[in-house]
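I have a structure I would like to understand better, so I am pasting it below and will then ask my questions one at a time.
Order of writing sets the labels: A, B, C, D, E and F. Residues in every chain begin at 1.
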Amino acid sequence: MADQIELIPGNSLITATPEEGRALAVKMSRLIIKVTQPDADVRTKLRNVYAEDPMMLIAIGQTVATEFATIAAANNYWQKS
Amino acid sequence: MADQIELIPGNSLITATPEEGRALAVKMSRLIIKVTQPDADVRTKLRNVYAEDPMMLIAIGQTVATEFATIAAANNYWQKS
Amino acid sequence: MADQIELIPGNSLITATPEEGRALAVKMSRLIIKVTQPDADVRTKLRNVYAEDPMMLIAIGQTVATEFATIAAANNYWQKS
Amino acid sequence: MADQIELIPGNSLITATPEEGRALAVKMSRLIIKVTQPDADVRTKLRNVYAEDPMMLIAIGQTVATEFATIAAANNYWQKS
Amino acid sequence: MADQIELIPGNSLITATPEEGRALAVKMSRLIIKVTQPDADVRTKLRNVYAEDPMMLIAIGQTVATEFATIAAANNYWQKS
Amino acid sequence: MADQIELIPGNSLITATPEEGRALAVKMSRLIIKVTQPDADVRTKLRNVYAEDPMMLIAIGQTVATEFATIAAANNYWQKS
């Protein structure tokens, strides 16, 4: 497994807004697929499978939800202190 | 994957009530399906599948439960301070 | 998907006891199935499936466990302050 | 679904020790199976299935782990204050 | 299900190091399999199945991750106060 | 199951950056696969399966997300205090 892939863009969990935090969660979850399967052609083939499979789409949502929980806590839920 | 889809309506996790927080959790979970599968026709086809599949319906509930946990914490559980 | 279904009975996570909190968790998890599949006849048909399927029953338990974690935190674990 | 089943024995998350807290987590997870499938004969039949199915046994462990996380937090991890 | 099995070795979540905490998480997750399926011969048969099944191995990892989260929090992440 | 495998490299959850924390989460999740299936040849065979299976790749992402949540909390989200 190629471990030189950047796993957290910008090497920080801190984002300006919840929307950016959500996009980071989506990105981070995809980067784990990438680091586990570095072959881009294989990933494209797999994308065509999971993008049409309800259970896989739901499971992706579960991963993003867990990643986002961490990012939201890291940003203290973007509350104006 | 289309990344210009708005992932968090209103770009905030703060809601007036738990009910609104719950609706936001449902909405946020659906938006991840959308950003992963931007084709509306495909999503309609998939909806007809998961809406009649007990395991998929349960899995959707698990995603919403995790999203809601984050939103509830962000709103300090809507406690009157 | 019918979004006018009440997702949190009483619009509050606060309950008098853990037992009530647990019942709320069960109720909230069912309401997500309902809002995703509003057709009562379909849900009855699905109930006959998942109620006899060990994996689906276990998955329901996982959802309730996550919902309950949120409700318990909201109630500060019902500790006498 | 029979909702008069007691979901939390003793109506409290507080236990004297981690071991008791763990047993409570196991009990609480089983009670959700019971409240979802009140028929004891069906549950016995299902038990013979999941007790010999690795994936179902693992999934039960995931549920107990989530329940235990809540109970452990409720007991402040049984730390001598 | 045999409930006299010790579920938490040493009846404590407190460990000297993260490594010990991780081993405890692995042990605790196995003990739930044991308490759900007390028959050692059956468990040996099941082990030969899940040890060669990628999805089951991954699912075991998910359980350990959740158990470890609880143990790490109980030990305040082993931070020198 | 070989239990002498090191489960947490460096026996600490503390890392200098989020990126290192993320890599630790990936490593820790792999080490649980290793401790459950110590045979390297079997793991290589399994890797060829899960690296081409969308659902398994997604499930690996879920494990890493949970491990990372713990590591991020342990590092107080790498916030400059």
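Heads up, the rule we're going with is that contacts are C-beta pairs under 8 Å (C-beta built on N, C-alpha and C of every residue); 3 or more make two chains touch, one makes a residue touch a chain.
For reference, the UniProt names are A, B, C, D, E, F = Hexameric tyrosine-coordinated heme protein.
What you see is a predicted model; the values in this text were computed from it and never measured.
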item	value
Touching subunit D and also subunit F, the following chains	E
Least step count from subunit A to subunit E, where 1 means the two chains touch	2
Degree value of the rotation bringing subunit B onto subunit C, based on Cα positions, nearest 5	60
Copies subunit A and subunit B touch via same or different residues, half shared test	different
Centre-to-centre distance between subunit F and subunit A (centres being mean Cα positions), rounded to whole Å	16
Distance between chain centroids, defined by C-alpha means - subunit B, subunit E (Å)	31
Touching two or more other chains - residues of subunit D	50, 55, 59-60, 62, 66, 69, 73
Contact graph of the chains (line, ring, star, complete, other)	ring
Going from subunit A towards subunit B, every chain in order around the ring	A, B, C, D, E, F
Complex contact set, residues of subunit A against subunit F	3, 6-8, 11-14, 28-29, 32-33, 35-37, 42, 46, 49-50, 53, 55-56, 59-60, 62-63, 66-67, 69-70, 73-74
In the complex with subunit C, residue positions of subunit B that touch it	17-19, 22-23, 26, 50-52, 54-55, 57-62, 64-66, 68-69, 72-73, 77-79
